[in-house]
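Heads up, there are several structures right after this.
Note that chain A is present in both complexes that follow, paired respectively with chain B and with chain C.
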Partner chain A sequence: MATTKRKMTPSQKSQAKWGLAFVAPTMIGLIVLNFYPIFNTVYQSFFKTGDFGMGNIFVGLQNYVTVLKGGEFWSSLLNTFKYALIEVPFSVAFALLLAVFLNRKIACRGFYRTVFFLPMVAAPAAIAMVWRFLYNQQFGLINNVFHSTTAWISDPKIAWISLGVIGVWSVVGYNMILLIAGLQEIPHDYYEAAEIDGATGIKQFFRITIPLLSPTIFFIVQTRIIGALQQFDLIFMMMDRSNPALPKTQTVVYYFYVNAFQYNNRGLGAAIVLCMLVLIMMITWVLQKSEKYWVFYN
Partner chain B sequence: MKNVKVLLSALLVLVMLLGTTAALAEGYSVDVLEVKIWDNNQLAGLQQIADEWTAQSGVKVNIQVVDWGNYWTLLEAGASGGDMPDVFWMHSNNAEMYMNAGKLLDLTDYIANSEVVNLENYYQGITDLYSKDGKNYAVAKDHDTIALLYNKAIFDQYGVEYPTDDWTWEDYKAAAEKITEASGGEVYGGACNTGNNQDTFYNIIYDFGGYVISDDKKTSGWNDPNTLKAFEFMATLFDNAWAPQQMLAENGKDRLFLNKKIAMDTEGSWMISQFYNDDNHDDYAWAMLPYEDVNGNGQCDEGERVSIYNGLGWAASADVKDPAAAWSLIEWFSSKEMQLKQSELGVTMAGYIGCSDAFMNAFPGMDISAFLKMETEGTLVFRPYSKYTSRWEDQATSDLVTVWNDASTMNDVLNRMAGDMNALLAQE
Partner chain C sequence: MESYKAKKALTQGLIHLFLIVFTITMLVPFLWMVLTAFKTQSESTAIDPFVILPSTWHFDNFVTVWNSYNFLYLYKNTLLMIFFRVLCAVLTATMAGYAFGRLEFPGKKILFAMVLIQMMVPAQIFIIPQYIMVSKLKWINTIAGLVFPGAVTAFGTFLLKQGYQGLPKDLEEAASIDGCNIGQQFLVIMMPLTRSSMVSLGIFTAVFAFKDLMWPMIVCSDAKSTTLSAGLAKMQGQFSSNFPQLMAAATMACLPMIVLYLIFQKQFVEGIATSGGKL
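This part shows the complex of A and B:
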């Protein structure tokens, strides 16, 4: 027993073999579908890529210089942050309110939960098409009902807010479900004790509910920030190339798509996503570090 | 029960054998050709033409429609991975990229030995587009021109004379302004968005003697003095004649026209069926595009009434399994008879010169002769393109938004666009 290097018994060997066999499909999938593309992207970012993956010319850091020196990357980045600034806080705040209400025993609770969760089930492209119709300046439902002529998605001043609203609407149900699950983990005794001590409902919410929910909130905030920074389909489906608000709303991933796929400039596209990857990693790192200051695990 | 199974499998084997022998009888090593296109409106007609080829060759033709955006993603993935469809459409935006990389079947020898296809019978600009270094990679499938569509009901309502074939762009402007003013901005005279290049503002640029790209594809024409003149004229349309650009950013001009928000619309011949199938199609009529009297002699001369034209090509994959079968199908599509049939069925105008008259009769009750008159009485200019067309063309769609919304920025923006485009062309 004292020897560390012990030969495996035949049964352990066979166990290990089977273990490997069972994880192999996942491992192969990860390597082929995730790791290989990541390394290939890094590789491509140093090249002026040729058509159909042939005739790549090594250009060193040229693509990165183009990305970081060009104004479009930084304005897209600003747009992305503006979008995240609407989507993340509001979707979390609304979801929290909804979760608290829908965690109580009210009539038709299941129905409401389903209704709020529905956007999560619909395809993002379908959501975008429906909102495009709602927002349409000439023929849209919103302007028709309110007899207004607001250009919701083509006025550069407000388009980013209109898009943010869709983002909030789409994810609020998902956040709500996670928060309800979190709420149900909180033992009821705390609230009873607080009531006996004379704490009001609002006080209970801020002193008991929020601190005990903080792990869930942390998880949601972190995943939503990453999700919001990767926003693409909404912009792609809603905004045409000639939309005057596009320069004020196009996200980094949209900027990547245009260069990599519409302009067929894969190398530049690879450099754009890698810059974004580094940025997201930095943000995640900061969030992880901040965890210990505001997240409570009991 | 067992007997039935045996009988059925025997039958199946027999059918399969018959299938192969039928195909082999013509000397083809495949029984089916995969064809990809992007326009659903053309599917029925083209399938009918292809089925006639199947009847004599014994090789089935399976035509699939993939929408424009996905078509190119799919084709590129196929070209990179070595799995392209057998026969497919080529377009001016991407042709050079595919020819350069050797992804298209070289048709030069097939054409030289063909009794059916003689390239002199097809539109020169389209043939040039699909050839490189003296080799041909596609045969013209069709061509398109542009004409002016107008809504008679709106003209009647505001008491404005209908457009005629003698209109200059100034006449167009005057009529458009009248309608906008008479309706109090409820209806606009016309519309053009920054992306409406081929069907609208490219035509105006060339009417004024300007250009978008030089013949050698090395120089941008955005800052050419005549191009600038065309833009200065268009700037006078932004205020009252054309619908605001913001309105167009959310609704295409075809949609605005169908919803009676604009009275006139310049449209390509590939759009006819959309207007023909509309409930109000009795109100719609076509005229030739207006011209620009550059030399001021009061009549339309050569080059003063330009229609930008484009044409798709039938191409085959370089690694097609049976090149002879693929060529035979392309030859069939390109033959004079089938080009005529394509017109008769109302699919598109022909790539074969002189086969488009039948197309004019494919829409009973709607006179679309203006499209043909554009080439007999006007001047055809091939749609500007280079190896990476979309890099500067899509960029222009974005850059011009500023000009449309504030015409005073015109000089700066066009000069910057010319610089950017020249830099891009230098990299090609």
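This part shows the complex of A and C:
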């Protein structure tokens, strides 16, 4: 036994050879494209990027102080949370309703699914352009239909809600598809038994569907929260730099992009994105810890 | 019994009403985009009453946008970026997925842990160093620059590993008795069996690359070398009030992917749904 452990059999040898050869391209790629950049980002966060990208100056923790002491990071973070607060609960709640309705035999089921999923294959840049037009204060369809003059995306009080609505519209179909897949895992017997016991549709929904679907719901909520915290495209496309509501809507990744690539202050950008990483990891950890309190596993 | 039936009919009616209202909400932005693209500037900004259908269907906006915004280049760049990203991702992930799923080799656990770590880290962490690498390689404003971050895929490796693990255990044994080496087993027997995982990964990669905005804006700022998404961002910056032209551009940018989705719906939904929120 001891000798076979040290000396590999020809079959083990060939597996080792082929295995390493097969993972080599991916692993080299991951090291160059992802692992080196993680360390490089940390390294850069201690430097002030010199003018014209020349000569970085070591500044220690100065970038982190700028990020954490300045108000902009925290207000961006608050905006990001506010966006997530609209997008996640509403997209999941609507998706849950749609999934339950479309999981039964109903006319035009395929058509509905096709339509609801459509935003997932459209470019966010295009979606944002269309919504920007719909929200337009003077010529927008929404104000025209409802005879209002609301400044949907330039009134700081409501712009974050308007953006959240687009977020809900964009991902509701995706959540629905995942929930339908989850619903199909629930055995039919449960509902039949409930029917015999006289439980109505709404009772069945809360006593059977929600508990048995909770792992899927948890998964969606978790991925959607993390996705919403990285929101960028919508804000970038919807909000002009001159938009008075921008300070009340810009997200953390937008704040990162502007500093790293428009002001070319890469050191500060690196510090922002690392603060965001710590935050996302904390949120993931809290979600994982909380999982057992509200997810029901069979 | 009568009242039970009536109640059931009412519920059904309410469900249909809800679904129809929701469908309209989902479709109006798309319809308004297409309709506006065919209108004149004055029709698009008419209020009280607003114009729903264009009086005549103008193709001028499409022609103008096509000519003045290098749309041919945008299509070409997007297509090439998608092609090479899909090729690289499927090729590297299917090999690595096979190794992680079916073979034993030294360092397997650590290497796979690296794959998982990459999947958990938000992608913005990589962008600054990736950009610096691309600019040092002089790949700014090139297809290579666009493809660069998508050359390998941790998510795809994970997806394909799952696919290979799901295959029956004794497949390789039969092949090795026939005298195939591992490379031949992989190519001839195993790889064809994971076609559906490969299709899912390909579609996910294509849609992800198509939708991505930040990376093409960073590495391809030149109007002729950028992608559809980033091109739209540029256009909006220059022409923020010519709604018919903007909507024509948005329609042209979205149309190819929507047509593909309508044709390969099942594969699209599967490919995007497996991504676990990465899109």
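Simple rule for what comes next: the second predicted complex is superposed on the first by the 288 of 298 C-alpha atoms of A that agree within 3 Å, B and C clash if a C-alpha of one lies under 4 Å from a C-alpha of the other, contacts with A are read in each partner's own complex, and residues count from 1 in each chain.
Criterion: a contact is a pair of C-beta atoms (placed from the backbone, for glycine too) under 8 Å apart; a residue touches a chain by one contact, two chains touch by 3 or more.
These numbers were taken from a predicted model, which means no experiment stands behind them.
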Touched partner set for A:Phe116, first chain B, second chain C, both or neither: second
Partner chain in contact with A:Phe261 - chain B first, chain C second, else both or neither: both
Greater chain A contact set [chain C / chain B]: C
First (chain B), second (chain C), both or neither touched by A:Ser148: neither
Which superposed partner A:Gly227 touches (first chain B, second chain C, both, neither): second
First (chain B), second (chain C), both or neither touched by A:Phe139: both
Chain B versus chain C as contact partner of A:Gln184, first or second or both or neither: neither
Shared contact residues on chain A - chain B and chain C: 132, 136, 138-139, 240, 261
Chain A-touching residues of chain B, taken from the complex the two chains share: 73, 76, 79-80, 97, 100-101, 103, 193-195, 245-251, 256, 259, 261, 388, 390-391, 394, 397-398, 400-401, 405
Residues on chain A engaged by chain B in the complex (per definition of touch): 50-54, 132, 135-139, 151, 153-155, 240-247, 258, 261-265
Touch list for chain C against partner chain A, complex: 11, 15-16, 18-19, 22-23, 25-30, 32-33, 36, 44-45, 47-48, 50, 91-93, 95-96, 98-100, 103-108, 111, 114-115, 118, 120-133, 148-149, 151-154, 157, 176, 181-183, 186, 207, 210-211, 213-214, 217-218, 228-230, 232-233, 236, 240, 243, 246-247, 249-251, 253-254, 257-258, 260-262, 265, 268-269, 272-273, 276-279
Interfacial residue positions of chain A with respect to chain C in the complex: 11-12, 14-20, 22-23, 25-30, 32-38, 40-41, 44, 94, 97-98, 101-102, 106-108, 112-127, 129-134, 136, 138-139, 141, 144-145, 169, 173-174, 177-178, 181, 201, 219-220, 223-224, 226-227, 230, 232-233, 236-237, 240, 253, 256-257, 260-261, 266, 269-270, 273-274, 276-277, 280, 284
